[in-house]
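Structures given as structure tokens follow.
Below, subunit A partners subunit B and then partners subunit C, in two separate complexes.
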Partner chain A sequence: MRLTRYAVVALLVGIMALAQQASAAPSGPPVRIGSTLALTGPLAATGQVHKLVGDIYVEQLNARNGLLGRPVEWIVKDDQSKQDLARTLYEQLITVDKVDLLLGPYATGNILAAMAVAQRYNKMLIHHTFGIPSLATYDMQFPAWSLGPDPATTFPNTVLDALAASPKPPKTIAVVTSKFPSVQFVAMGAREVAKKRGLKEVLFLDWEFGNREFGPIAARIKDANPDFVWVGAIGLEGNQLLEAMKKIDYMPAEQFYMYPAPGPMVKAPEAKNALAATIFEEHAPFLNNPGAAEFVKTFNERAAKAGLADTAVETQAAASYTAWQILEAAVTATRSLDDKVLAQWLKTHTVDTIQGKLRFNGPSNYGDDLMRVKQVQNGRWVVVWPPEAAAPGAKLMVQ
Partner chain B sequence: MHVVGLFAAVAIALAAVPFFGLPAFYETFLYLVFHWIVLATSWNILSGYSGYFSFGQGAFFGLGVYATATLAAHYRWPFLATLPMAAAAAAGLGLALGTVVFRVKQVRGELFALLTLAVTFVLATVILNTSIDGGPGVYLSAVSLPAIGRTPASTFYLLELGLAVATLAIAWWIARSRLGTGLFAIHDDEDVAEVLGVPTFRCKQVAFAIGCALAGAAGGIHALFVSYVTVAETFSITVPLTVVLMSVLGGTRHWAGPAVGAAVITIISYASTTGDHVLAGKAAVGVILIAVILFMPEGILGTLRPGRTRSKRQQGEVPQAVVPAGPGDQDFPRPAIQSSTTGARVLSLREVSKAFAGIKALDRVTLDVYRGEILGLLGPNGSGKSTLINVVSGYYSADAGSIVFDGQSIERWPPHRVARIGLARTYQIPRPFAHSSVLDNVVLTAMFGAPALSRRDALIEARRWLDFTGLASKANALPAELNLHQRKFLEFSRALASRPQLLLLDEVLSGLTPTEIDSAVGLIRRIRDQGTTIVLVEHLMRAVIALADRIAVLDQGSLIAEGMPDDVMAQAAVKAAYLGTAANVAG
Partner chain C sequence: MNLPSPTLLAQAILSGIFVGALYGLLGLGLSLSWGLLRQINLSHFALAFLGAYLSYQLATVGGVDPLVTLLVIAPLFFVLGAAIHGLLSRFAVTPLNSLLVTFGLTVIIESVIQWYWTADYRRLASRYADITFRAGPLFVPLPELMTFLLSVSLCVAVWATLRYTDLGKAIRAAAEDAPIAAAFGVNQRTLAALLSGVCAALAGAAGVCLALTYTLTPSQLYAWIGVVFAAVMIGGLGSALGPLFAGIVIGVSEAITMALTAPSWAPLVSFSLLIVVLLVRPGRA
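Then we have the complex of A and B:
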């Protein structure tokens, strides 16, 4: 009886403690996290995705007691898609606003501009979608996009592995690419990888980013008649090439697009079975990763409410969320806001994120290449390779 | 001196900013302001002053970016050593472009703008498709920055401040120099400027090269500032558009106008980088800019200090010349013949021909003009009188024949060179430089005509001729404020300030009232009395008879009569040419 009384008291105390913890509001001076985003200018469409993700994460973070028990304040400025302004605003965040921590801007050029400032002031910089790992030479920068240190080699191998496992492995390849830096260097790597794997290159050509005339490119591909086309496309270039090929009644047996605009491509009928790169899609096993399901649900709702063109979570939104997860993990584990302490911890630990476990102990602080191959199937994107990341029951479809 | 002193004081104060211990952000932000000041001001040296609107500033800036990026990142040149090369490369491109396009009269206005824009695209394509870039961009992280300032931010700040100060000083100097005077004249009427002695091709080339060099140097510094350069970002269309907007906002005819515009736009652009309503902020900025441009079409400085005020200030420094000037003669007594065919030839035309699309405007014209005389050049409409003036002044080149002026063969000379040896002309419809004051209109010919005076001496000379023509009280007016009579006299003043040996007057009396004609005739007579030889093209026979020592008559491009007025007018061929206008001849 006496034991039961103690047990009840202990239980009540425990419940009260848990209740208190659950409802504890962060207190004290805020932890100030600074970043810029391309909220206006040519990169604004993606910049708005990162802004929405950041807003969601900070709300969630503050709802679970902030960082170190202190509220989190996110100071985000509009770099207008300009490198020089991004650089200037990071200097302001560090020397005037005196933020505690930094998060990166979007995209590669702006991240490099911000990285130079961070390096000058010995600030850690966690960034979302930096496309060229070899340029990330600062030892306190950490990528949230798990490309691996050499995506020009590893990722083409992933794609060709997927095709090799298909019922009709390609024997010939055409590589066509935009001269956009972050897709061009992977396309060049794909040529080398294909050659080493014994594929015969029947066509290579490139075009200037901003090109709108894809008819001649489509005709050249049709003439070459490859088994597989690697398209170094970014944004709407993929859709434009697909439309051009449709006009000449041509469809490659297999086709891969590096970084297409995911929404427009999945909606295009001619994109059936098209392949692309991703780090996250809205299905298992990704939804089993920590925080993924809740984030996807919230993002879908908020993106629709904000009027974003594409409300699905894929590479950009996932990398953005991952960056915040990395930051939170390091601060929580070290109970520190010291950049060097945080950086040292990240270099020696892995972080559970919605795209999987990330490590930062490789060249340029990159870890594993977690890029996946997804495919348009029945009007939706599904990951088809590698098998452990594939959607339940999904397999690579061939024409 | 006030401007120089103030400018130097501001420059020194700004140079001290790194020592105030301010956060580095302020230096970096001011760097951006200086960066745009350099780009806008360097653009303005050709485009604002001369009106040759270029959309190619992105090309020259971009060439500077890639010159430094290539030399520093690929060839390991020290950063500072790359900057002169960045400037030289941009200047070289500008000169090469100018050598082609500035010779073609059709490539003005929007064609020049489009052509320079096309050059930007071509250059971007070349860089993108060669080893200069090739697509991946150029990363300059390995390039070391010299320790000019205490911090990297200070170094960039001081470098760009130095370039901005140099750019503004050059713009200020040019605006007050012979070059600037020529450029402003080109802006208003390039053909007239050339005929009045402005070497328009050389002026444009020099201005273009200087502007391009400064833009190239700014590009060189900016390459390291952003540290990663790509073709898409570097050759973005926003660079030339922003530069034009800044210059127009600040005022393109003022040396400091683009700097004011650059500072205003950079600051308000930065002001919309924070908060949750950046789009609304940017829209508000756009509305403000549109409103300012609509209501201040001459730009901020153009509105605050219009040309007339500027001229008045300059004029205040000028000693007043004392020249006796009398009113125009009230009657037309026939002059005593002061010269005749026995005098020295000042101009000799031999077998001069000129045709347009197969139609002979001048057909083997042989004519002499003697020093000190007034030669009346007559002929019905379309007879070739104006063509003759245009050929002699160099505006048209003769198809055949020789033209000797003061002992020199000038038939292949450009107009400005002809003007420099003492041959001036006026226009039937006055063509003053609309944005320059009456005084500045006259100053130009004193600087670019035969005397080739300095600006200070030219101001004295201009005042003298404005007194002579009775326009002294209108010195600060703009030409649009003059009536026709006064504009005709402005043409006289402008021609006289070049101290011509020979003055070609093209229907200067047309459109004037009888009283004004009396005044003009008296003026012409006084001009000749000063020793200037005059060729008078005129339809008003009464005045010609009163003024001319000799008369030459053209009909359908051919010289049909030449000699003493009474003799010539009595010839049957002349009467036939003027058939139907006998009443006027009788006068």
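Then we have the complex of A and C:
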């Protein structure tokens, strides 16, 4: 009897200790994580998404005892969408603010600028959406966007596989692209891949990033009348081209947009059945990934509260969240803030993220190409290819 | 090089005329303030975008017809323009310094736009947006047609006012030689404030056209500066019809370039034309 009583007391003490540990607030000096983001300037529409995701993640992280039991402080500076300023601010984060760890800025050019600084100071850099893997030559940089090391070959093949499996596989293709680097090189890859697969190229043209007038471009596509249009568009360019085609009463049989502004495009009636690239959408199987459902709910609410026009989680928000997941996984597993220790761990382990399992042991620390093909269907984006990533019951629709 | 079909070429030229008319409308106020007030007002572009966002707000939230928003925006901007002029006059800002001061003002207005409307893309979904007329094989979108008509009307109205009315003659006289004009009873300060207000109101009108035809984002205002400056300089400083003609020439040249060659060459057109004009007629600007 006495033994039982002792056992009950011991159990209660154990439960109380566990409960206290679970609810313990992080203590001690904060772990300082430094970033810049494009909070103003031409990239600000996406920069503010990354800011919101970071705020959410740091709150969640501190609510579950921070990193190594210490609170996390995120120091984020506005690089105004400028590469030179990003470079200066990362210098400042390392030498003046003396941050423990770095997270990348938004946009390929700014990440490249930050990467050079990180390399100079031997700091690890985990970054969100770097578009040209071959340029990521620094040994201690880690991508959160699972493009794979050669997206200019792998991703066009994914898109053309999807179309080949559709009821009306295209025979002719038009490749039109912005000269924005991270979309242009994939468009060039698409030309090569299409040629190898026997598609006839009926039009190729490119325009300067920032082009305002898409009327003549739309007229040229209409004139060429391809079965499928690969549009190397980034941001608003996709919508601008769609609007210009609508004005001349033209809609291609099949059309793919590389990195469109997802909110405006899904709302545009003329974007019906348009295809685009993604790593995450708000449906199964993505919502089954660790932390995904909770994050989507929180992001939707907070984005609406912040007045963002598009409150959905897709590539940008997902890559941003993934970057934080990678950082937390490495610190938690190694119980270290040493950049070299963390980098070594990442190279030899996989990390469970909301976009799936990521590995970093390929060329330029890239792993698998987890890019998916999504389509506007009934006013929402749904992944349609590959089949294992497709929304339940979703199939590629053709005009 | 494959020759484009006649339809493609005609459609491209039509697009060029429409976008050129918008260059002209944006350039009208800039040209007047530069040529007649000696103020290089970069904030003209920020005011145009502010006008676009206000039009978006009134139409989207208030349910007001986008064209009706002009009745609110134009008077409001008239007052704003007169106030900006008052500030520049108070400190006797030189033309070069006006460029710097109004650039600062542009950054402030852009920040205000981003603070209130965020950096997200905004699209005015008006009842005009989906209307397109057909002229044989060509398509004429109503928002672009409205922009063209508004631009031509305003440019002609300003030109006629400057040329045929006493007010216009007084403004031109004050710009030509302020002391002599004053000796003839012209109140130069009042006229300058009036003209500045009109320029800002024209920026507001251009803003309504921008909202009708383009998706808005704050930083896009900078994308228009180079080409509109070229239109103003080719058209002649202080001219009301010049920027419109120059804008249409630039717009059509860009469109033909896009239809015939790589569209990425189009941005070279406006500045190549500007260089040619400066070489052929060096006194033009």
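The rule we apply is simple: the second predicted complex is superposed on the first by the 386 of 399 C-alpha atoms of A that agree within 3 Å, B and C clash if a C-alpha of one lies under 4 Å from a C-alpha of the other, contacts with A are read in each partner's own complex, and residues count from 1 in each chain.
Quick note on the criterion: a contact is a pair of C-beta atoms (placed from the backbone, for glycine too) under 8 Å apart; a residue touches a chain by one contact, two chains touch by 3 or more.
Predicted model, so just to flag it, every value in this text is computed and none were measured.
Engineer: Which partner does A:R120 contact after superposing on A: first (subunit B), second (subunit C), both, neither?
Structural biologist: first
Engineer: So, does A:P30 touch the first partner subunit B, the second partner subunit C, both, or neither?
Structural biologist: Neither subunit B nor subunit C is touched by A:P30.
Engineer: With the two complexes superposed on chain A, say which partner A:A261 touches: subunit B (first), subunit C (second), both, or neither.
Structural biologist: In the superposed model, A:A261 contacts subunit C only, not subunit B.
Engineer: In the superposed arrangement, which partner chain does A:A309 touch: subunit B (first), subunit C (second), both, or neither?
Structural biologist: second
Engineer: Quick one: is A:G47 in contact with subunit B, with subunit C, with both, or with neither? Answer first, second, both or neither.
Structural biologist: It touches subunit C, and subunit B stays clear.
Engineer: Check whether A:G291 is in contact with subunit B, with subunit C, with both or with neither, and answer first, second, both or neither.
Structural biologist: neither
Engineer: Considering only touches as defined above, state whether A:K179 meets subunit B (first), subunit C (second), both or neither.
Structural biologist: Both partners, subunit B and subunit C.
Engineer: Where does A:K247 make contact in the superposed view: on subunit B (first), on subunit C (second), on both, or on neither?
Structural biologist: second
Engineer: One more residue to check, A:G210. First (subunit B), second (subunit C), both or neither?
Structural biologist: both
Engineer: By the touch definition above, which subunit A residues appear in both interfaces, subunit B in one complex and subunit C in the other?
Structural biologist: 40, 179, 206, 208, 210
Engineer: In their shared complex, at which residues does subunit A touch subunit C?
Structural biologist: Its residues touching subunit C are 40-42, 44-45, 47-48, 81, 179, 205-208, 210-213, 215-217, 219-220, 222-223, 236, 239-240, 243-244, 247-249, 261, 263-264, 267, 306-310.
Engineer: Mind listing the subunit A positions that touch subunit B in their complex?
Structural biologist: Spelled out, the residues of subunit A in touch with subunit B are 36, 39-40, 77-80, 83-85, 87-89, 91-92, 94-96, 108-109, 112-113, 116, 120, 132, 135, 137, 179-181, 184-185, 206, 208-210.
Engineer: What does subunit C use to touch subunit A in their complex?
Structural biologist: Spelled out, the residues of subunit C in touch with subunit A are 4-5, 7-8, 11-12, 14-16, 18-19, 111, 114, 118-123, 132, 139, 141, 144, 214-215, 217-220, 223-224, 251, 254-256, 258-259, 262-264, 266-267.
Engineer: If we count contacts the way the header does, which residues on subunit B are in touch with subunit A in the complex?
Structural biologist: 23-26, 28-29, 31-32, 35, 125, 128-129, 134-137, 139, 141, 151-153, 222, 225-228, 230-233, 269-270, 272-274, 278-279, 282
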